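Chains: A, B, C, D, E and F, in written order; residue numbering restarts at 1 for each.
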Amino acid sequence: MSQPSLSEALRGVVRRDLLLAMRHRSDVAMSVFFVVIVASLFPLGVGPESAVLRMIGPGVLWVTALLACLLSLGRLFTADYLDGVLEQTALIPQPLAVLVLGKVFAHWVISGLPVVLLSPLLGLQFGLSGETLGVLTLSLLLGTPTLSMIGAIGAALTLGLRGSGLLVALLVLPLFVPVLIFGAGAVTSSLAGIGSEANLSLLGACFMLSLAFAPWATAVALRIALE
Amino acid sequence: MSQPSLSEALRGVVRRDLLLAMRHRSDVAMSVFFVVIVASLFPLGVGPESAVLRMIGPGVLWVTALLACLLSLGRLFTADYLDGVLEQTALIPQPLAVLVLGKVFAHWVISGLPVVLLSPLLGLQFGLSGETLGVLTLSLLLGTPTLSMIGAIGAALTLGLRGSGLLVALLVLPLFVPVLIFGAGAVTSSLAGIGSEANLSLLGACFMLSLAFAPWATAVALRIALE
Amino acid sequence: MFQTVALSGSRGERLLFSNVSVTVKPGTLLAVVGENGSGKTSFLRMLCGLLSPDCGAILWQGKDIRQLKELYCAQLTYVGHLNGIKDDLTPVENLKVSASLAGDESSGTVVQKALEAVGLGPPVHRLPTRVLSQGQKRRVALARLWLSTRPLWLLDEPFASLDAAATSYLTQRLQSHLSNGGMVVVATHQEIALPADSVQHLRLTR
Amino acid sequence: MFQTVALSGSRGERLLFSNVSVTVKPGTLLAVVGENGSGKTSFLRMLCGLLSPDCGAILWQGKDIRQLKELYCAQLTYVGHLNGIKDDLTPVENLKVSASLAGDESSGTVVQKALEAVGLGPPVHRLPTRVLSQGQKRRVALARLWLSTRPLWLLDEPFASLDAAATSYLTQRLQSHLSNGGMVVVATHQEIALPADSVQHLRLTR
Amino acid sequence: MQWGSLTEFFAMGGYGLYVWTSFGATALCLVGEVLAVWRRHAAALAQTRAVASGGD
Amino acid sequence: MNWFKYSSPQAFYPLAGKLIPWFAAAALGLMGVGLYLGFFVAPTDFQQGESYRIIFVHVPAAWMSMFLYVLMALWAGLGLGLHARASFMMTQAIAPTGALFTFLALLTGAMWGKPTWGAWWVWDARLTSELILLFQYIGLILLRASIDDVRRADRASAVFALVGVVNVPIIYFSVKWWNTLHQGASVSMTASPKMATTMVTAMLVMTLGFWMYSIAVTLARMRCVIVERARQPSWGTQAPAQDVAEVRECSGGV
């Protein structure tokens, strides 16, 4: 009987999520503005000295990107769960882990990619320059998909075990921390004139690792949530 | 016919929301945990110099409290909207603005108060001491309810819209900024040995202003969302 | 007495109904019928005051409900498509809260009696509502009618996903409310087994 | 051929049903009936493979569905209590996406024909589903059946909140599916107007 | 009048870049807005006509 | 006197069409005069040199950004209070122009800041509050864009516009309250001008020119909005023309 090919199903999942995002194009603009505003809040709270700003810049920008990911995680599965699309997705005759990867990719395109593209501008606001800006963008390009993938596990677990907010935070934030440290570390070391290769390759390792395991773990968590 | 007194209705609304929070006690822990983690990430990222930490401390703590409020805004009305409790609330024979105030109060007890109670401890982490810690706590005590009230307007305006998490941030953060500036300013000026009264009384003014207008604006926005 | 005067309503670009004038006398039921999407739900929400009409007015005891506001809300009980119950609370807790918010009696025994009347006895009424079945959730929402002492009931497809037993409980309750001089407006796709002289039909067309 | 062998299922602490063995032959319909909360939905979700049974097995063409996995998923269409449609997309977009995910034909004309078959013509099928009425949303979910070429259909209260017209469309569609050798399992509170010889009942008790 | 020559005028006492960027950007934005509104109006009219002639 | 006569879209559309050329001409003329005064009459500033000439766009843009916000909020309040749809349309028509002037104030301010303060951007109270104003305009536009239902979009953005009005006095008085890097008011009703009168005149003429421009563009955008909304049968081609006053009577009376 009828059965979609893997790539067809994958494309279908991605297309639907992007279509939904395009329905309100402002959605994409929003994650950009969120990052801009939050990044602007720190100078307001901390004060305008540019030396201090440059010092805290990498950390602040990375924390901001992390928060943008965290904030938009709710969009990832909750709506699908509530309106029954998730159970229909689980019944698609293709491995759920692959479909999940499609959803995570769409999520990253909507919420992570704009942040990456915007990061050079934000870096300028904090007085970063030249090569450091490049390192910042590269580290975010490697790091934000990793955050999305790890976050997806947490989002899936929240669906299943209700009110397990604490458990999810306990599970996901510690996993976010290495990414944050390597990411901010890469930028900081480039600022200090030390090479940033070590940190960047660690980020790459994080990416590969989560690509291998996160979709699978997410799929299992989703099946539990649907029981 | 039967009609609850105003205080009875108010108490009913608050009691239900607190009951729901107690059903998932870990939710309350969640906002505390969020604040602790975000506040701890900064010393990690910025480095251990205590002079720098003390300088950025007030700003970072205030931004963190603000983000905790922002993150929990989604909880305020969305669930009630989806399960139909909100339309029932709108039909309670008492002014909706007052009932909204009850909901906002419960929200603050769950997400704002724990942060206030925790703040002296976090302040210590950043090398604040003595009187400054007192000012920090006081400023948060005055500021976080204001944030909840302002946030409620944004939450109500974006109810049921897609990507409302980020839209709400975009709408609400600009309005948060004065509170942030006065709050962080109070702590900073206390650090610098200048009196913090001016900033604190401005915070108080913000509080009174939002107490007067925010519940009303929120009620109007909710009725619009329910149409 | 409850009446609508030349009521018109639209949603988005569509005019759903216009010039609807009906009168609901004490002791009678108005059944709003019509196809899917004909505007029954919109009509009911307008009667609640949740939606504003394009033109026309809704009168309660001869006074416009926009002037009465909260006084009018104190006269009605509305059960919509959505159940209006909290998934994380038990049926007992849900009913207690909503009864106390409505100003009705909300003691434990009264609430349990109401739940038993809709067939949600001891094992079920202490479970979180989340784990109940579709029909059981609907029963919890409808149990509010067993506590309500208000004269006007507005019910949106109350019989959907109920089984035969629950349907007959509800019909009996409607009957007793009407015989106490109550008024009911129901949007429904089913026949209601009530004496024909107490039932009036309003058919909406698409 | 589709059968369950000594199937038992429970939710939380409650045993819902035990030792259920039924066989659904091509061209027949199994109506699962029972009170609210008797376990119809749980039974259907078990047949989908979304819920795992306590004991017993579910066989498709004699093979256990736990071994077949995705191959089995390719044989069935499930419409649950939840509609499984996106509120922000139009009915046309929703159907296109779900048809292409199911591997069915998803061209514009086919999809529009399916929507017309459930009575959602030109003005409505281009609105975001969010603004549609309860019954119209249900119709969108059911329109998937007009696109489905899969042999096994599992339907959970498909008739809930449908009006008379939609009920008859659906009944006709079920009829034509059965006459093509399809199999259907339906959980319902209503009578289904199909020839008695093609309908089998399974009554669950609480 | 304080400008000796055209070059002096454009140099703006060494601040030419800042001054002319400001005025240039302002002019560009205003003209751009006018064009955008113009096109929006044309598009709106065109679509209304399309709907009307489509006969619904 | 029927105040709502011209708030009926059918009456307003041709009227606006007739008014636009006049306002556009006034805008062009005033801006021309303003630029002439600014570049050829006003003397060089003895402290800042020629860079101060940015004032002739910066200050008018900044003033318009605040003024348009207040105006927009007034229309929003009127709309909520009187259920007049034309007021909401006014709010919708003003917002993009307001955002544009806010953006220009920021940009020209940055252009001015680099030579005078040595930095494109500082986190000063006035600069920050002006940036926030930009975010408010953008938030307003996005809020409207993310709501499909016109009625809800109108009223929700009106509420937000009203709430955001608190920021305007903050921007205006920020220099007084926080004693920051940015210049204080140099033009005020009470004190005599500190600047040379030619500078003040040029600035005021430019402001007037921007004002006329704003009116012209807003009216033009109003016409767009009317056409866009007329596609909905309750107003335009399909249904008979309806006066806003009639709509009000119909929904307000018994």
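The definition used in the following text is that contacts are C-beta pairs under 8 Å (C-beta built on N, C-alpha and C of every residue); 3 or more make two chains touch, one makes a residue touch a chain.
Bear in mind that the values here come from a model prediction, so they are computed numbers and not experimental data.
Student: Please tell me whether the contact surfaces of chain A and chain B are same or different in residue numbering, using the over-half criterion.
Tutor: Over half shared, hence same.
Student: Which chain pair has the highest count of C-beta pairs that touch?
Tutor: A-B
Student: Can you tell me which chain lies farthest from chain C, using the average of the Cα atoms as each chain's centre?
Tutor: Measuring from the centre of chain C, the most distant chain centre belongs to E.
Student: As a quick test, compute the distance in whole Å between the mean CA positions of chain D and chain E.
Tutor: Averaging C-alpha atoms per chain gives centres 59 Å apart.
Student: Distance from the CA centroid of chain A to that of chain B, rounded to the nearest Å?
Tutor: Chain A and chain B have C-alpha centres separated by 25 Å.
Student: Where the CA atoms of chain A average out and where those of chain C average out, how many Å apart are those spots?
Tutor: About 45 Å separates the centre of chain A from that of chain C.
Student: With centres defined as the mean C-alpha position, give me the chain A-chain F separation in Å.
Tutor: 38
Student: Which residues belonging to chain E are in contact with no fewer than two other chains?
Tutor: none
Student: Could you list which residues of chain A touch at least two other chains?
Tutor: Within chain A, the residues that touch at least two other chains are 20, 23-24, 26-27, 30, 33, 37, 44, 47, 82, 162-163.
Student: Send over the residues of chain D in touch with two or more other chains.
Tutor: Answer for chain D, listing residues that touch two or more other chains: 81, 88, 128, 131.
Student: Which chain E residues qualify as touching chain F in the complex?
Tutor: 1-3, 9, 12-15, 18-19, 21-23, 25-26, 29-30, 33-34, 37-38, 40-41, 44-45, 47-48, 51-52
Student: Quick one: in the complex, what on chain D touches chain A?
Tutor: Within the complex, chain D touches chain A at residues 48-52, 70-76, 78, 80-89, 93, 97-98, 100-104, 128, 149-151.
Student: Could you please specify the touching residues of chain B with respect to chain C in the complex?
Tutor: These residues of chain B touch chain C: 1-5, 8-9, 12-13, 15-16, 19-20, 23-24, 79, 82-85, 87-95, 226-227.
Student: Okay, in this complex, where on chain F does chain E touch?
Tutor: So the residues of chain F in touch with chain E come to 39-41, 43-44, 49-51, 53-54, 57-58, 61, 96-97, 100, 103-104, 107-108, 111-112, 114-115, 213, 217, 220-221, 223-224, 227-228, 230-231, 236-237.
Student: Within their complex, state which residues of chain D touch chain C.
Tutor: Per the touch definition, chain D meets chain C at residues 11-12, 14, 34-41, 81, 119, 123-124, 127, 131-136, 138-139, 157, 160-166, 189.
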